[in-house]
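Before anything else, here is the set of structures, which you'll find just below.
Shared chain: chain A. Partners: chain B in the first complex, chain C in the second.
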Partner chain A sequence: MISAILVMALGAVVLGAALGYASIKFKVEGDPLVEKIDAILPQTQCGQCGYPGCKPYAEAIAKGEADINCCPPGGDEGIRKLADLLGREFKPLSGEHGVEKPKSVAFVDEQFCIGCTLCIQACPVDAIVGAAKQMHTIVAAQCTGCELCVEPCPVDCIAMVPIAESVETWKWRYPVFEIKPAGTAR
Partner chain B sequence: MGESIQVEVVYAKAERQELVRLKLPQGSTIQQAVEASGLLARCPEIELAKAKVGIFGKLARLDTALRDKDRVEIYRPLIADPKEVRKQRAAEGKVMKKGGGPAEE
Partner chain C sequence: MSLLRKLFDFHGGVKPAYHKEPSTTQPIAQAPLPAELVIPLHQSIGGVPRPLVQAGETVKKGQLIGGPDGFVSSAVHASTSGVVKAVEMRRMPHTSGLSALCVVIEPDGKDEWIERKPVPWRSLPPDEVRDILRDAGVVGLGGAVFPSYLKVNPGKKGHLDTLVINGAECEPFITCDDLQMRERGETIVRGAAIMRDLTRAGQVLIGIEDNKPEAIAAMQAAVRTVGAERIEIVPIPTRYPAGGAKQLIRVLTGIEVPHGKRSTDYGVQCFNTGTIYAIYEALELGQPLVSRIVTVAGNVERPRNFEVRFGTPMRDVVALAGAKPDTDRIIMGGPMMGYAMPGDEVPVVKATNCILVGSPALFPPPPPEMPCIRCGECAKACPADLQPFEMYWFSRAKIFGKAQEYHLFDCIECGCCAFVCPSRIPLVDYYRFAKSEIWAREQEKEAADVARERYEFRLAREEREKAEKAAKLAAKAAETKAKLAQQEAAKAAEGAAPAPVASDDAKKALIAAAMERAKQQAAAPLNTDNLSSDQKAQIADAEARRAQALQAEGKD
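Up next, the complex of A and B:
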């Protein structure tokens, strides 16, 4: 009798210790779903979805507050990936948040820049180098193409220049397989 | 002491932007960062004594001490004269936006 209780107690202690160790060792920081959604979003931080950045939008999607078709820079491809991840139906980009455009970076026309710093304050990713009454220049490698600097410029000297497709910028397209009705395929 | 800080030095031209990541000892100044970056050799047009420098969009002096994760920026002068641009735009009848807000009709 005593030995049976001891065996059960020992078993409980061992299993408890194992579970306790596992919960510390394999602790998950934050919400892994938010991370996965955030990884799909284009990180333009443009705010076109109505949230202040890609991460807040990812959190809203994970909570079910936001729909998956509110990200114009991500485009149809981004929506397809999100639909895949979340097991939802694909739906086209909602028009109220904007339209998908080719990926661009901002470019300052140096003939007109007056060094007002308004574009620098607008840039969500600190991609603009410049200070008061100094030339403002956009670091193309860091520009996400969010267009937030275009509107504030008082002399309209910022233009969006589409990036030409090159070996560095080319990406795999999301594969789309057309399913043909059985009758038409020959 | 003995700890190092990580900073970036950037010199941006319209068509090409140079960005160098550096590890420097704590207490380094802007001048030391620019010299360590090697940008002076790569872009001989920089005259450090004359050029304006700053950290993250704020003008600063060459002897300013850096903090971890600072971005040292070497600026170039404006081409346009702000007053002239404003005058020109006024003459063309374009409305100048004030404070970054949308132009008023």
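Up next, the complex of A and C:
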């Protein structure tokens, strides 16, 4: 009787120790769900969803505070991926957060820039180069097209320029032609 | 010896009608200078070369007009002498019909070369020879236009076992390599000898499909004339796509280069005969790549090969062969892998091995696509050992991850699967669609990763700046506090009745000290020592102005 209790107790101690060790050794840092959601978000950091960046929005989705259809730059495809990841139903982009636009980059009109640095402070990815009373310019390769610099400019010299398709970025078209019932065509 | 060589077999492949004879009846002709040359800057895989000339500049034939940009990039040269009319966007020889930066040259008719000097490549370090090839604009002329200098590399072992030279030319209609081997075999063999020495190759195998007996004979004669050692002409069975690099390596050496590996890892490298010819010209003549041999075939009166300067409008080259009246399209490349051109004014570029002129009779519109019946014919025909039907389903359903799992990127787009498909599904269109979507996504993902990193760095930076500022303030406060405590201690030491210092008093003392400092600053005497009367007068003037300004401010 006693030996049986001892054996069970020993088993419990050994297994407990193994589990305890594993929980320290293989500890998961942070919330992996947040990381997964963040990987789907487009990292525009535009704040159109109502959160200060993509990561905070990802955290809000993971907590269940935010819906999955608040990210206009991610578009329908982004929502679909989030729905897949979270096992939810797809829903169209909510209108209050904006509409999906073609990808663009900001452009500073050198004629009018007064060098106020307000746009530099607004840029979430430090993609604007300049100094006080010096003309500013956008590093196009790093611009995410978030439009956050457009609003603060006191002289309205920043415009969003859509990225044109080039030979390098051109994509082969989907070879399937959808057949639609007569009347709904076009 | 060559008769005894053991050849290997690659999986799949097809035997389409070759249509090669018509364009081989005539020797290579020189295409005349056009009225205007439009030379695209981006003619190879990799970075877009920077334009080095401006409108109005005079250029000579062979002058550098586009400098290589980045590690994978190749130079572009003026293909005749003349005046640069413009550096502007022009329509590219690309299915999209989009424009890219081109240098437009108006020829002066003299066709005057820059100074050309042979390169002492034997005495130069390999890095310098590679730089010379890059600056000579030599790229793979088989159609892939990969910068050749990156391939002139003996690999990890320091030497190659086998250098494979690709004269297979397996695609129907195309005969440019065939004619070049027939007429310029000696130069190709000399070029092969150069490459043999540069890559320290044990043997050089020049593979030629056995439907080109004239080329085989010419090349064998050339090897004898040149007396080249360790160079062998190997006739191989005619089967499309024997001219694919991986397929030819397989046929000649039996080595199957696995997914994700390079052929140099196995001691093999492969070059096209046209590329070898260009390397010879670049090193032995010091002549950059400014022209190539182009087959004009299909729906034309006089199919023939022409040596064409890059930038010549395709329309001019087609006119030399005489397009038939029912011509409805121009294809760059062959019927299996070629691309439809957006118009006939687009220029001949380094990738243009063939201009195939089409008509509804020659290439009838494809019959309607039927559903896939899973017969597996495509898998039997695939020379890359893939399962085309699986890749087709996943590409069509836009499940790109799965398509990639079936090794979509090992597909060489040879078109064998579509050729044998009984349902006449344009399979390659689906693969091209899926590949370009995957590339676009990967680029987007890379951009997003960079943006995430930069955003997080900015947040961290703001946090750090805040902390630094707080630390600075705290340090300053501590310093003043310590000073005051010292003063108190000094007072106590003097023996005066020390008032007990409460924390409230300490704060008050701090404020008092600050106010004292401010007062001192305000009352700080002006520097009036050792001044000349002149300077004193100036100071008085300034003071008067300041007083006036203060008065004016007071009025407002």
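Just so we're on the same page, the second predicted complex is superposed on the first by the 157 of 186 C-alpha atoms of A that agree within 3 Å, B and C clash if a C-alpha of one lies under 4 Å from a C-alpha of the other, contacts with A are read in each partner's own complex, and residues count from 1 in each chain.
Heads up, the rule we're going with is that a contact is a pair of C-beta atoms (placed from the backbone, for glycine too) under 8 Å apart; a residue touches a chain by one contact, two chains touch by 3 or more.
This is a predicted model, so every value here is computed, not measured.
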Which superposed partner A:P154 touches (first chain B, second chain C, both, neither): first
Touching partner for A:D126 - first (chain B), second (chain C), both, neither: both
First (chain B), second (chain C), both or neither touched by A:T144: second
Partner chain in contact with A:F107 - chain B first, chain C second, else both or neither: first
First, second, both or neither for A:V167, with chain B first and chain C second: second
First, second, both or neither for A:Q43, with chain B first and chain C second: second
Chain B versus chain C as contact partner of A:C54, first or second or both or neither: second
First (chain B), second (chain C), both or neither touched by A:L118: first
Touching partner for A:L93 - first (chain B), second (chain C), both, neither: neither
Set of chain A residues, in rising order, touched by both chain B and chain C: 126
Residues on chain A engaged by chain B in the complex (per definition of touch): 107-108, 110-118, 120-122, 126, 128-135, 137-141, 151-152, 154-155
Residues of chain A that touch chain C when the two form their complex: 38, 41-45, 53-55, 124-127, 142, 144, 165-176
Contact footprint of chain A on chain B as seen in their complex: 10, 12-14, 17, 19, 52, 54, 56-59, 71, 73, 75-80, 82, 85-86, 89, 96-100, 102
Touching residues (chain side chain C, partner chain A) in the complex: 42, 48, 92, 94-96, 98-100, 396, 398, 426, 429-430, 432-433, 435-437, 440, 443-444, 447-452, 454-459
